[in-house]
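These are the structures, in structure tokens.
Both complexes below contain subunit A, partnered by subunit B and then by subunit C.
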Partner chain A sequence: MADILLSEAEKTFILHGVRDNVRNDGRSCSEFRPIELELGLVENANGSARVRLANTDVLVAVKCEIDNPSSNFPDEGKLDFFVDCSANATPQFEGKGGEQLAVELAALMSRAYQTRESFNLSTLSIIKGMKCWKLCIDVLILECGGSLIDAISMGTKAALADTKIPKVSVIGSDEGSLELELADEADGREEPLDWHHAPCLVTLNKLEDSLLVDASAEEEACCAAALIVGVSPNKKITTTSIPGHGSFLADSKVFTRALNLAVDVGVKLNTALEAAIKKHQTLKPPPRGFLD
Partner chain B sequence: MAGLQLLSEYGLRVDGRRPNELRQIRCKMGVFSQPDGSAYLEQGNTKVLAAVYGPHEVRLNRSKTHHDRAYINCQFSMAVFSTSERKRRPRGDRKSQEMDMNLNQIFESAIRTELYPRSRIDIYLEVLQADGSNFSACVNAATLALIDAGIPLKDYVCSCTSTLAPSQGGAPPTPMVDVNHVEETLGGPGLNMSTLPRLDSVVHLELSGTRLHLSHIDPVAEKASTGAADIMAVLDKAVRGHVAQCLHARELSGQGADA
Partner chain C sequence: MEVTDVNIRLACDRICLPAVSENEVQKLFTPGEDIPTCAGFMRGHGTYTEGEDLKASVAGVKEQVNKLISIKPLKSRYNGEIGDVVVGRVVEVQQKRWKIDTNARLESVLLLSSVNLPGGELRRRSSEDEKMMRKYLQEGDLISAEVMNVYQDGALSLHTRSLKYGKLSQGVLVKVFPSLIMRRKNHFHSLPNGAAVILGNNGFVWICPASGLEHQEDSGSAGGFIQDLEKEVPKADREVIARLKNCILALANSKMMLYDTSIIYAYEESMKFTVTELLLPDVMVDVANLTQHRLHLDIAE
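Our next item is the complex of A and B:
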């Protein structure tokens, strides 16, 4: 992410505001900036979503491939995360510059979705032990303005909600190799996924004793430590991560407070996201994309 | 796909266009706030995002500066989900590197680089959906992004592709403008031309696919050149519309002419 240069006076100004629960743009410490969500932008993909969170712009697409299941889990499908930091976001991402960040984000998303409770991989199985669906979730980061992982997790959940898996049936087997056929238009070609338990990741930045939700790039530059928590709609934590080089005092109350706040905010975020997705799916507005 | 012809007997192409029709072009400038200039362009189903950073100081690699002009750096990247078959690497492979070089050459001849010695201009392109003429759409989007960044150009850089439908029933082969993905893969020659339309100069020319007979080069090139001039009209209208909108927004916000 781009380096922000802040003077000491600006940092002090932000700090004093946060102590009174007022941030530079007028929000309270636990408020998100306005989020824009759009589904179904990418026609080539089985499902896609675009999330715009102030300056942060993320495009997530889900493509389905037929693959062999792993030998440890023969009756489950696979989820494969790939993050691409586009140079559009900052010149530092040119060539291989964004690769380290991309790998970190992809690993974090994989961990968040690892538990069977957040996403039931057995629904992706076609034939036990032989064929399964592999969902390739590709994230394209177009602009970085803070709360990157939050936007990516929201985009992933929305893209999974938009995804339709083609129905597959076996029509023949030939010496151990199987022939699969995609179902006809008339039979109901595609079925949706069960995305309702997918987690949303919330980033909390710690500034002195206050915790900031959805920190802007300037606020992130002042904060000592951050905590990323993956929260599923049923108040369960799927993953945690402390990025960067900050740390939380073990015996202070801040860490417990942070986890509780993260769960609270995460559940609210999940509810709001579900409502927005349902609204989008029922109203089916025409895709606006980047033209608007 | 067997029996799919580039040009049907009624003179219609696979997507219903006539041989001299361009696809619908929709574009928007100033899509993002972080880059100095940005643009989004759709040419039919091909969707491209361009971002321009610069002119700015060269910090890391001092060797990549010219004492008398700006250093242009372009990067062409395709999103992993842009093609119907998922792409493994967005950029860095040989084809993309060749595209980077071609873009560098094009914009080095179009940008007034002598105005910014010892500085650097970065142009980043991202193809969101690839449906043929990807390179041309990128050049057009980059032109808009450069204009949005306020970088002086000698002229609009417009790029267009053309191909030749094989002769049917004794009629001579028909040149067709603005190739889409199906037409690209069906075979035939593909001519990609980038021009400065008002200065009537060609900055880049590339022929790929099957070979083209010498007698057919003129009509095919002529088609691409006319196509580029038509694209310039669309881009010009978009730029003027965008500037009018910006001025209007400034007036409404009270900044006015005295600011």
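Our next item is the complex of A and C:
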């Protein structure tokens, strides 16, 4: 997110490269940089995941708590997103610097998960109208190097896959107040279904007529506009957002092209993420962590 | 547009660095660690005395020249010496000079009197020249220069008074640790694969198509300030440059020294991978290992 100074010649070089589909590091315009994923790093959370995408490092943890459902949706649970831009990421995040960005990212993630098709909130209901699970999804941004929302959405999906919600049974009701009992460890816990349809958000940067997936910091400095699209595995778009000052209206064909490209990339991203999560869940490796 | 598959690895498959090591493993000192000393020693950079003991103040290896003990850090800001070739970016245009960022502790200075004026004339710089400064070098421009002088506070004074220095045109900048660049006689290399490389002592490496450097030398009278922005670099050259960038990052990742031979060998060893495969960490370690092996064979011969 930091402003990088580039000379006119460097920008021209990047622009011509993007036209030829050969970026500065040899990638094509629709290629991601290598991504690293780890599940279950945070032991006292119900589920957690860490995603490292080139320079961007994001840690997502999911904690469950019992709450009263909202009166508009009595048979649904709740999802609450909170993003914390730590000062470790860039000096601009020191103090209150990262607050605005954090609020925007949390709002974007909430919108992406709003639809019932991406995450079925009714599975979180314990007793209709009275008690439900509230999943608090906390995102910690450790390092900020571009494609931030992509990493956050991947981390969220992986953390949800790693989440295990304890089984709850009602043991008594005492004049309107309920007593709930959590199952023992020995009795086993269940995981929420339906993380398979959770969306992944893809950021596309527009550089003249070309669209870049996973732009590096230098490329972002040349791009005028960006488009963020939330794509679920069944090729449906859950949310779109155009951050910053740029616009896509100059040429509407670019916008439709961008949406189609985002859907294609999003589907591939979802497939790769699912495969990696499944591999992790079958292998069950010991935690590797941050230090080598 | 074809969409390539996404590659997601697991942390458990991460390869430990560094897998590349020299023959002897040198002892690394950490800040606060005691350094074994001889009688009558002299204290050099990177050390401090606590009572009677000599301790390291930075993390690095010990360097001893007769009785002078110092610690050379692996990762530090660039410390300039007179005669070094550096690649820097203009950050400010001041009254009679430019401020250049060279990855040092202080911004370096390029005085108006230390550059070649277009037209190659040798004359006194007038107030007209001061107003035209921004036309020569703007904020964000990259230049190659030589260190002329080191001020008392450690700031460097640069000059571009030779035809091979000046504003850099189309290309890619790669940033590595300054300690990885070997000090050589020549820092401008024209590689056999069609690209040219400038290894700045400050850790900034500039990769450009070979025609870029030639053009700079031909336009002698211009003094290296003309940029050809219209010219499009051909796709083959672009791939060479991208591959070189990834090779340099692979060598830097395994903390190997960068000089023309090591870069050429790394480039040749990387040919069995595609350019994008070179972004994967295990491939980077592989390339560094193969280069190390070849360099050892060279020394053995």
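One rule holds for everything that comes next: the second predicted complex is superposed on the first by the 285 of 292 C-alpha atoms of A that agree within 3 Å, B and C clash if a C-alpha of one lies under 4 Å from a C-alpha of the other, contacts with A are read in each partner's own complex, and residues count from 1 in each chain.
The rule is simple: a contact is a pair of C-beta atoms (placed from the backbone, for glycine too) under 8 Å apart; a residue touches a chain by one contact, two chains touch by 3 or more.
Every value quoted in this text rests on a predicted model; they were computed, and no experiment measured them.
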Partner chain in contact with A:H280 - subunit B first, subunit C second, else both or neither | second
Name the contact category of A:F13: first (subunit B only), second (subunit C only), both, or neither.
-> second
Contact breadth on subunit A, by residue count: subunit C or subunit B | C
In the superposed arrangement, does A:I127 touch subunit B (first), subunit C (second), both or neither?
-> neither
If you stack the two complexes on chain A, which partner ends up touching A:E36: first (subunit B), second (subunit C), both, or neither?
-> second
Which of subunit B and subunit C A:L5 touches, first, second, both or neither | second
The intersection of the subunit A residues contacting subunit B with those contacting subunit C is 289, 292
Touching residues on subunit B, where the partner in the complex is subunit A | 26, 28, 31-35, 38, 40, 42, 45, 47, 49, 51, 53, 73, 75, 77, 79-84, 86, 90-92, 122, 124, 126, 128-129
The answer for subunit A against subunit C in the complex is residues 5-10, 12-13, 16-17, 20, 22-38, 50, 211, 261, 264-265, 268-269, 271-273, 275-276, 279-280, 283, 285-289, 292
Subunit A-facing residues of subunit C, complex = 1-12, 14, 16-17, 89, 91, 138-142, 168-173, 227, 229, 232-233, 235, 238-239, 241-243, 245-246, 274-276, 278-281
Within their complex, subunit A touches subunit B through residues 2, 42-45, 48, 55, 57, 59, 61, 63, 65, 82, 84, 86-91, 94-96, 136, 138, 140, 142-145, 289-292
